[in-house]
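Consider the two complexes below, in which chain A is the common component and chain B and chain C are the respective partners.
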Partner chain A sequence: MNENSENKRISPYALAALLVMTRLFALSMYVPSRGENAALTAVTGLVISLLKLPLMYGAARLSAKAKRRPMIYGAMTAFAALVFIAVCADAFTDMLESLYPERMTKAAAAIVLILVCIYTASMGIEGTARTACIMLGALAAVMVPILFEMRGSMLTDRLDLFSPAPIAECTRSAGQLLRYFFDPLIFAVLLPYAGGADADKTTVSRAVKPYLIADGLITCVFFLMNAAVMGRFFGQSSYAFFTLSYNTHGSIIDRANGIFTCVSTIGAVLTLSALMLTARDGIKLTGLAVTRGRGFGITACAALAGVAFLAANGVKPAASAPAVSLVFAGFLIAGAAMTALGGHERAKTA
Partner chain B sequence: MFLGDISAELSALKGILGHSADLNIARIRINGVDCAVVSIEAMVSTLAMSELVFQPLMSLEGGDKRTGAEIMRFCTDESLMTNNKVICYTHDKAVGLLFSGFALVLADGVPFGTALGIQGYAARSVSPPLTENELFSSQEAFAEVIRTNISLIRRRIKHPALTFEMQQCGKRSNTDVCIVYIRGKADMSAVAEIRRRLSEIRLDGVLGCGFVKPFLENSPERLIFSEIGTTERPDLLCLNLMQGRIGVLVDGTPFALVAPYLFTQNFETVDDYSVGSWFAVFVKLMRMLAFVLAAAFPGIYLAAVNHDPEMLGLKLLLNLAAGEKTTLLTLFTELVVIMLLLEILREASIRLPQSIGTAMSIAGGLIIGDTAVKSGIISSPLLIIVGITATASFVLPAFAQQITVLRLTFIFAGGFAGFFGISVCAVMLTANISAQSFGGVPFTSPLAPLKKRQIAGVIGRKDFARLENETTTTKDLT
Partner chain C sequence: MKRIYFFLITALLGLIYYTAGSPMEIADRVMVHAVGIDKTTEGYSVTLQVFSPEGGGTEGAFDPTRPNVSLVAAEGSCVSDAVHLCEEKLGGRVFIGQNRIILFGKGVDLSDEDRLFGYFLSSAEAYLNTECAAAENTARELLSIPIPSGALASEKFEEMIASSKERGCAVNCTLMSLLEAMDGGSPDKCVVMPQFSKPKSGSPKDSGDEKKQLTEDSGLLLDKGCIYMDGKRAGELDAKEMGLLGMINGSGDTVYTETEQDGLMLGKTMRISERAVSAEVNGGRIVIRVDCRTVPKDDSFFPDERSRESSDRKAAEKLTRTANELCEKLCLEYSPEAAGADRALRRYLPDLLRSCTGGMGALYGRIELEVTVADRG
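Up next is the complex of A and B:
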């Protein structure tokens, strides 16, 4: 009975829970455009959740082929994860600084965040996945009553799908929704922990389907509530998540903004921990012999250094989130297509 | 090795024991054969010694002539002097048995001794539990003597599969440690692992459970909660044994260790099985709420008031503001000071004699608390928060250490970083708990990984109809 074995396993549902936490984080970072129709965004979100289905299966296939070209796959994975860590850390600390301008400095928040994420990730994939499961349950138990307390602020006559330029608006919303599109990356790298070296279709569907159902549901509910509460108005806090929080009126807690901060922070920590695990596994695949602690240390230092360098040169990593997501999505689609094409040609020659 | 010369053997024993003042040697002559009865002062019962050893031996005097070997055969095979007889061929074994309350019978010309178990040392009898009080369950707790504890378990589980394995730990103390489990229910690889870890203890003295526990844990210094449980209740240990867990008893301590132990088990009591299942659900949820209140409530209050005051209703906020306006210190400083005072009072109350305890409560509660509010050092709302926290912490005595440290951590986190600080502490704590396991059983089971059949036992208890039809072991939690 070796408690420190590297052969850790998690259930596919735990992987799905981890991915749901990353989506919660992404939703908490959502900044709507002025005059945006949130009901239309809800529909767009549902469509995106559906479209993610083939992408996730493609990511699973890529993951299965990783051992053929471990160096390339590992390097690309580690680089992508590092970029996303920089983007997410920058975006989250920006959010904290804007919500608590006189209480929180960006640098201090970033350092604390990275240290906490290293600690969480150092508990291993099992610790991180179980934390995600427990936190998801706890957050659901807390958020559902709070969201229920928003009913006094909701006006259902604000819910309509009318838009003067629906295609443009949907495209803009889709761009915002895909700002933090790293779920396929995390899914592909952490899938082996859920299903061994060659995760079968059942394992993949057990991870993908609950995640996408939850993703669609949360996105839909979130944006419909936004539409019912705010209509086409733009909140002063910029973030739709926190705008909602200021509209709660409870019996014990009046405004639930502190609790929404908790949700966003927990999502951020688990997202960054998952990305750190992804980066560490990517570094391991390249063949670099690093201990577990050193792997996380390298990841964290590289990410922080990257953010500092870019910030010093006037480049905000958070602002480049859409571009990064687009590039990554492009790689994923190209990789999945090449894998599928290679498999088809092998079948033909066979 | 014993050689048969009684004078030499007695000199050897005196030499090993360093001519210790508590060594008793009674030399007698039976039918012309030099014999001796060796014991340690106050470890054997003088009445039993007289009735069970001296009287039978002296009955041989004046009878048929016997050699030393025949006298020894009388002790070992021909008489029922005691049900616990051990034949010793070496001095080390003899000394070990003397220290365990045996009387050693030696005869001249015989190259071995017969140790008779007639223990009579002073020991505390079975008394009610101190830290795990129950209303509807047994009022017996473990005692310091390991044999007594074994009997408390055996009385409750009268099944041949209940197994006790004895071994000794501590290079100098040679403390008896017993592994107890039910064959067919316990995971034998976990039993083997516990056996191995106990045998690798290199301490000079093992003086209680606390000395053994760190050697059974996987990372004792890194983890906040332990995957090895402690209980002073025999009925609770038996309940755990029925669920496939393994117990470890240590001589000299009225506590037993339980492995593997889950986080959710800290919220279970035996009384849950004595009340209706609906009430058990209510009480368990209350205990979980008490844990959150005890550990995190002051920090959450501080975060809300300092960083997010709009969370609180207007009337409450105005009330709190009025209370804080008259105080000399900031809310954060008040909270830290009052929490430290609370811990000092708690430590003092544990160690004070009972006669002064009442006076201490009055001094602490009325004089310090009341006067501090009247003089404006702390505010009344804060006293309410502290009162709720302190009361909640008494609901779960098993978590006393963790709650003390976590409470201060959450206060600092909430004070400096608001709900961001509270959240990161919560995530780190959950990650710390989630990383633990023992024998392949995750510490957070059955919540994560989710075990639907066992969830009912977490938020309440299964009804007896289900308990009748289900057989639970720790394998169901992996």
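Up next is the complex of A and C:
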């Protein structure tokens, strides 16, 4: 672990690339409801991307004020990051188990996953962000031909926004889309690496806007493809990401489920690595670890032990992903509001 | 340096773990290329056309009289049970990922989703865009026909469907679209599938030495489509009607018609260059309009421009007339769902659909389909 990494910075665009990879992971874990209108989900996704904008700015603001309450901020971020690690590791290994039931046990897959993520995160924020940028380019080069090759399977006549209960359906879709809502957490904690201790608005914009545009675009394209290829039926295949892959029948790539698994795996590794870095910084802020190296050591041990224990005992943190995301979102909004209110009060008394 | 050790340990752990198990060797897999499903009193009879390389070829490089496939059949209460019984007979693990076609026999009820499709949906290897087709009688009968051409016998089914569809004489039906029709919430669960049959004329006559005889092509015929309503066979469409249906519901890119030229009836395949759908309520009737523009796919030789334009115009007029006749037939005898009325209602008249207490089915009686085909002029 390189101790000088804390002084190095990454580009805000690299931070955006890392966030896009985490979003790809979240999308690959999406399980639709039976008969769900994917076109409506695409619209809901676009709206959510827009609504994330103030949340991300609020998270940046919280991050800038972290120095005032380092222990509380550090404890909360470390706890939230570790919980999300458990949730994401469980969700990913669940997916592996359902797709390849006879090849691996969940506990072993979880342990290997965490070990790989520890290694990735040990490269520090620079290495992780660089990996995210490289992977994003590679994945785009692979996924774009697949998208073009699926044109023959698409019937745009299937795209409509009809729903017998549109509000209820949009709410349900929004809940599913926000199931893994860790973007603001990762963004808030890793933002200082992109802009120094107090990231200015320009730096924040350079990180947030490309990310949210990519988020909206990827969500829109994915769900509209689902709607055009599969209509309203998602059947028993559970993960829409992989169900779509079973429909690829192109001249360059035939049956893309293996590639989709790679995309999901890369997304999982980078997501968990980013969360580990987040937990590391949170632990350092609490004062439990003097250096980032020790903080990372505590994070790695906690993540490995926790995930292995939960997987071996059949505990499924992924089932509570919506609740975790909701609680985190609540804290974020409350924290951002309190920070804003505190700033306003200080300005008044000053 | 420590990181290298850590990486090596992790890589070694991963390698040991993922290679510790014994993956299925390809020689132990049974490659299924075609699946036939027939209804029996007990449940379903599944016929699998399995790749059998040792069966193909004797003398010389290729012997077309020895197809490289074999058949295995079993019965079970559901397709999944029948497939597992086939596995027991074959002594290997069935690999469904290379399956080209699923044939449904005459008595199969497509609305029995769990027992019929459960096997394909629960398998991560199943290719959900597999072509589906109906068999005139039993699927087993069609899969038993020796097909001497091509590397794989089952490719013939796909090729015939693709070729007919390209000519404007068929629609295709993938497993995904079939599942959507059965489970997508449409009231009549209407789906149209191409129908294969055995030709009525007999086998080639003996004329001396068998080796000198030209190898006859597949004993398969694709000249009809089968309409299913609520999972059961409701009727048939001929090849031209299938092409027209593809034009009306948007699933086809070409349509076939016949026009008179110099006193002769000539067949013509037209490419659908534009298609627009609209729907409105007009005096209590729901009018769904489909406006298409067609251009000839292969230009014929005409003495002058006027003759060409006249031919295109006649083709467009003929298509308009026949398409509207088909729409009337569909609305009276079957369901406007076959023409995509359910999608049009959801897309263009969602308020009407939501306000209707009886659901979409209650609106079907009020639907009128109007098709207009224009030429390229």
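Just so it is clear, the second predicted complex is superposed on the first by the 319 of 350 C-alpha atoms of A that agree within 3 Å, B and C clash if a C-alpha of one lies under 4 Å from a C-alpha of the other, contacts with A are read in each partner's own complex, and residues count from 1 in each chain.
We adopt the following convention: a contact is a pair of C-beta atoms (placed from the backbone, for glycine too) under 8 Å apart; a residue touches a chain by one contact, two chains touch by 3 or more.
Everything numeric here is computed off the predicted structure, so don't read it as measured data.
Judged by the touch definition given at the top, the superposed model places A:270 against chain B, while chain C stays out of reach.
Judged by the touch definition given at the top, the superposed model places A:253 against chain B, while chain C stays out of reach. Touch criterion met: A:104 reaches chain B and chain C at once.
In the superposed pair of complexes, A:112 makes contact with chain B and with chain C alike.
By the document's definition of touching, of the two partners only chain B reaches A:127; chain C does not.
When the two complexes are overlaid on their common chain A, residue A:13 makes contact with chain B while staying clear of chain C. By the document's definition of touching, of the two partners only chain C reaches A:231; chain B does not.
Overlap of the chain B and chain C interfaces on chain A comprises residues 1, 100, 103-104, 112, 116, 119, 246, 255, 257.
For chain C in complex with chain A, the touching residues are 3, 6-7, 10, 13-14, 17-18, 21, 23, 97, 117-118, 121-122, 124, 126-129, 174, 176-177, 179-180, 183-185, 249-251, 277, 340, 343, 345-347, 350, 353-354. Here chain A touches chain C in the complex through residues 1, 34-35, 98-100, 103-104, 108, 111-112, 115-116, 118-119, 122, 153, 155, 157-162, 164, 229-233, 235-237, 242-243, 246-249, 255, 257, going by the rule given at the top. On chain A, the positions that touch chain B within their shared complex are 1, 3, 10-11, 13-14, 96, 100, 103-104, 109, 112-113, 116, 119-120, 123-124, 126-131, 133-135, 137, 246, 253-259, 261-262, 265-266, 269-270, 273. By the touch criterion given at the top, residues 189-190, 193, 218, 303-304, 307-308, 310-314, 417-420, 422-424, 426-428, 430-432, 434-435, 437-440, 442, 444, 447-450 of chain B touch chain A in their complex.
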